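Next come two complexes, and both contain chain A; in the first it sits with chain B, in the second with chain C.
Our next item is the complex of A and B:
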């Protein structure tokens, strides 16, 4: 009798499992055919085109122009990530301390920027930042400067546009993480003798590291693949890796070089993800269940 | 005994809401003072004002005669134990207890004996390397205590520290806390809404209501001689009998309930004499008698309508003509009361307190 029951419950468990596997089957097939296959074909092309071997990778290591593009990409990504995390952290921190109503409004405002396409936003930034643009007009108008500042068609313009685009991607994971930090911990640290600064450095900051790791990985990965923003706000002077790859594909038709650069980019992102994910799951942040 | 901490006419307003209304209180050095009240009565605001997290709208807080009203929390040197313990989840037990010493610039080697001592005091030395989430609720509570005591604070503030624990554990920790208070000799200021906790642990209790201190005194003073229906109701159970007529003759009070007349020796009580009056009678001050001749002078006839068994005692509800339903506790040495018994309820002439006002329906201690 007992044995029968055990068997019944086990088989129903198996049935449930099968149902769950069924649910992931469709997305799995979809991803495999439309995502995994192309990625593998990119990797294969990088070592077969135009001839079999690692020639393309040798070019990457030797070619000065490519190294400049890679260097620029690393530089822009690093500055963008650092600024985005700084502003995102401050915003998320402030949001955590707001009353419920204001918090919801802020949340809405952060999400709002997702509604506007990156192309429109980029052109808007050009309108704001160009020499005869809104910002320069205002600054000259109130007499702070007498000649327009060069705010666009350079690194600065690209970074402004990218930070603006990436901010919600930093704010949301940071905010989600900070909400899980027990709000009595900082007052407790104060009561135990810590100044506000020290309480933040020794308690709040360490506990927000998982959110910071999550946000930084998201921003870094996204920004390494930026294409439209640097192309438009850089005015052709700031070439990042994604744009360079695109040029190799569609204009110079060096598919082998393009795919090998794409492979390098992918491996770097993968390595970063693995490295950062170690910090993302330190678990309990002190919130009561 | 000298005063450690004083409230001088402290008021705290949040917009239209008055959380503390002109509160004055002197807390003596070394005493176990409990702030007791229902939620919203201002007890936590009071504690957070002492801790430095709430700035009074008016009035002052003084420590040993020095005004500390605007001193930030980190400069007060008070230990504070939060309701949810607020242990730092990224630090081990040892590091949590070391924290207050660390922010005071002490090095690990220097702090080691102090941390050891206080961990020994709470008997958790063997768990020093654990993280808070690996501990039980009671253990976390003790770590929070150790952390608040390790820097020899001038006061220890406790904000409902036992409310998250189950009943049996709470009893144990009440005893431990009381014991700890005697051993370390620090002034404890304890916030709770649990009257039993307050009665069993405190040297003195301040009962708060709507941002004011309703009554201040030792547990027995508050329990035996409540000054208002609110206090009588909040601490333990009480019967309230409407008093129809009352006269004071020297040390004696005569009062009537319906047709029945009773006597009360006044002692040092102040007796309100105008407006509506009630007699507050504790259930354990009432005794059941089968015959009128056995009953004392103050007695009233009634019928048992309900009996509940509690292990160490019975609780019976006796329905009377003049005084309505009265709750009475009957210990096991007496005969078990039975529903339908015609009985006499008697009480001594020094039992009961005359209070102003009548209880509102929902205040009825045993209803519902």
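Our next item is the complex of A and C:
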């Protein structure tokens, strides 16, 4: 009787292990077949089409048009990241200092924007920002301006749309990081005679740097792949790398160029991810940031 | 006791056969999706929606069957219009063949992916003369079967080795009639004249029909446009670039004109017609100096239905059906015999009417296809930097 029990419990344990392995195996097989294989085939194509060699990468280095696209992508991503961090930092800082009820409400509002698809948001921004849109109508109505401002279908429109989309991705990690900072440190600095600005600059800001670095890399990575937002809010004049790749895939049929650009983008994102993992302490939950 | 035993054995029997039953269910499903067009269409739609590359199609059972023709277009109202007008007409002659209209968009990239993977699921695609030459020259298309379609049902310039004209469309000039104090712009010179016709312009984020407009604005006579002087055309576009929005999709062009974001635009005549209706005539358009294209049937290399697919294209050559299609979508009949059947009050909206044809510039598809990719990239660079 006793032996029977032992056997059952061990076999059920084994069964549990197998179940866990099954859980990992399925996504692993899924990723390997549907993600890894296509990614490798993209990389292979970038050095085999139209001819074997690194010609496509030479084109990326030499072609002025492609460099314009890359330059535009870097510029839009950098401005987006800087603004997102600025607004995100302020929001996260304020949230940290709110009473719990307000904090929960703020959390809800930040998460709320995840419910709306990027396409709908983009169209909404057009309705708000266009020359005869909501914002210009209001500004003209109350007499601040007499001619509509160009707020969309240019770089500005793209940046507004992207910052709006990226804000939760900055606020949430920044908030998580700030929560780990001992709330008594700033008052202690003040008590020792530091001005509010000095207390913030020498105590709080340095302690929040890991969160800032992590959030900036996260926002930068996401921004680099934006396609719909610049295509619609840029008025056709803001062509970023993702859209350029898509045109080369589906219209010009320059697949070698498209895949080499995709490879470059992927390597940049990979490098950023590695950098991020150092700041985010992935797999080391016990350590305080 | 016996009752209990019987119950148990019955349950066991079900258990034992469960695997086989499920396998059978799967087989039924696979059979269904390979013969019945409904799940197949659903599958294709879902696959397109998920953005799954056509390379994946080869592990699925969703190939076009023997008695099926898959016609691919760009979605929207054109799916229903094709079903209503041409599928029903085709089925009168060929009742045993099912026609599936698939709206996932036969872009060059998708056709190339499909042909290269060796598992083609599309039989006939709704593209244009430019795409027909460009893809045909790259070995991605079957030739038109002129034993099944009537070469004389289109003008000479509206058919080729790999493409058969299906309808006409034009890049036309549209403008906001309320924007210029009663003045009416007449041609591309007026379009480029920001002094007398102030306001934002709208061009397309693709060079088709745009370079020609720029050259005409620069004083080039319509008959001297081709071969296009790229530098001259792009410089002319740079002149107004700061005041120009570039549209990506047809619906976007419609929205920009409807909302008054631009006061003049170079857009598809069909969209211009729609926005004209939507705004009760506030936005109007002209075929004058429009650039006339032929929408065309093309067949990917290795299409499962083979030559029989051209029977569908043949049915769509019927002049009366082309007029029906024109009434539904605004795309002009390409059969010269059809013009006479267009109601008099709609003739001014038909890009194929003799008067309107005379006003327009026929696109030189050979020039386009000679270097399509590089021309497009140069154009994108000019507007984006």
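Here is the rule we go by: the second predicted complex is superposed on the first by the 251 of 289 C-alpha atoms of A that agree within 3 Å, B and C clash if a C-alpha of one lies under 4 Å from a C-alpha of the other, contacts with A are read in each partner's own complex, and residues count from 1 in each chain.
As a convention for this text, a contact is a pair of C-beta atoms (placed from the backbone, for glycine too) under 8 Å apart; a residue touches a chain by one contact, two chains touch by 3 or more.
No experiment lies behind these values; they were computed from the predicted model shown.
Asks: Classify the contacts of A:119 with the two partner chains as first (chain B alone), second (chain C alone), both, or neither.
Replies: neither
Asks: Check the residue A:247 against both partner chains and state whether it touches chain B (first), chain C (second), both, or neither.
Replies: The answer is second: A:247 touches chain C but not chain B.
Asks: So, A:130: does it touch chain B (first), chain C (second), both, or neither?
Replies: Only chain C; A:130 stays clear of chain B.
Asks: In the superposed arrangement, which partner chain does A:25 touch: chain B (first), chain C (second), both, or neither?
Replies: In the superposed model, A:25 contacts neither chain B nor chain C.
Asks: Based on the superposed arrangement, let me know which partner A:185 touches: chain B (first), chain C (second), both, or neither?
Replies: A:185 sits against chain B, while chain C stays out of touch.
Asks: Could you tell me if A:145 is touching chain B, chain C, both of them or neither one (first, second, both, neither)?
Replies: Touch partners of A:145: none, neither chain B nor chain C.
Asks: Which holds for A:206: it touches chain B only (first), chain C only (second), both, or neither?
Replies: After superposing on A, A:206 lies in contact with chain B but is clear of chain C.
Asks: Once bound in the complex, which stretches of chain A touch chain C?
Replies: 38, 64-65, 68-69, 72, 130-132, 153, 231-232, 235-239, 244, 247-255
Asks: For chain A, which residues count as touching chain B in their complex?
Replies: 182, 184-185, 187-195, 198-199, 202-203, 206-207, 282-286, 288
Asks: Using the touch definition up top, name the residues of chain C that touch chain A in the complex.
Replies: Those residues of chain C that touch chain A are 53, 107-110, 112, 138, 200, 203, 205-206, 241, 245-248, 252, 259-261, 372-374, 376-378, 380-381, 383-385.
Asks: Taking the touch rule as given, give the residues of chain B at its contact with chain A in the complex, in rising order.
Replies: 51-53, 72-74, 76-80, 82-84, 86-90, 99-100, 102-104, 131-133, 147-148, 151, 157
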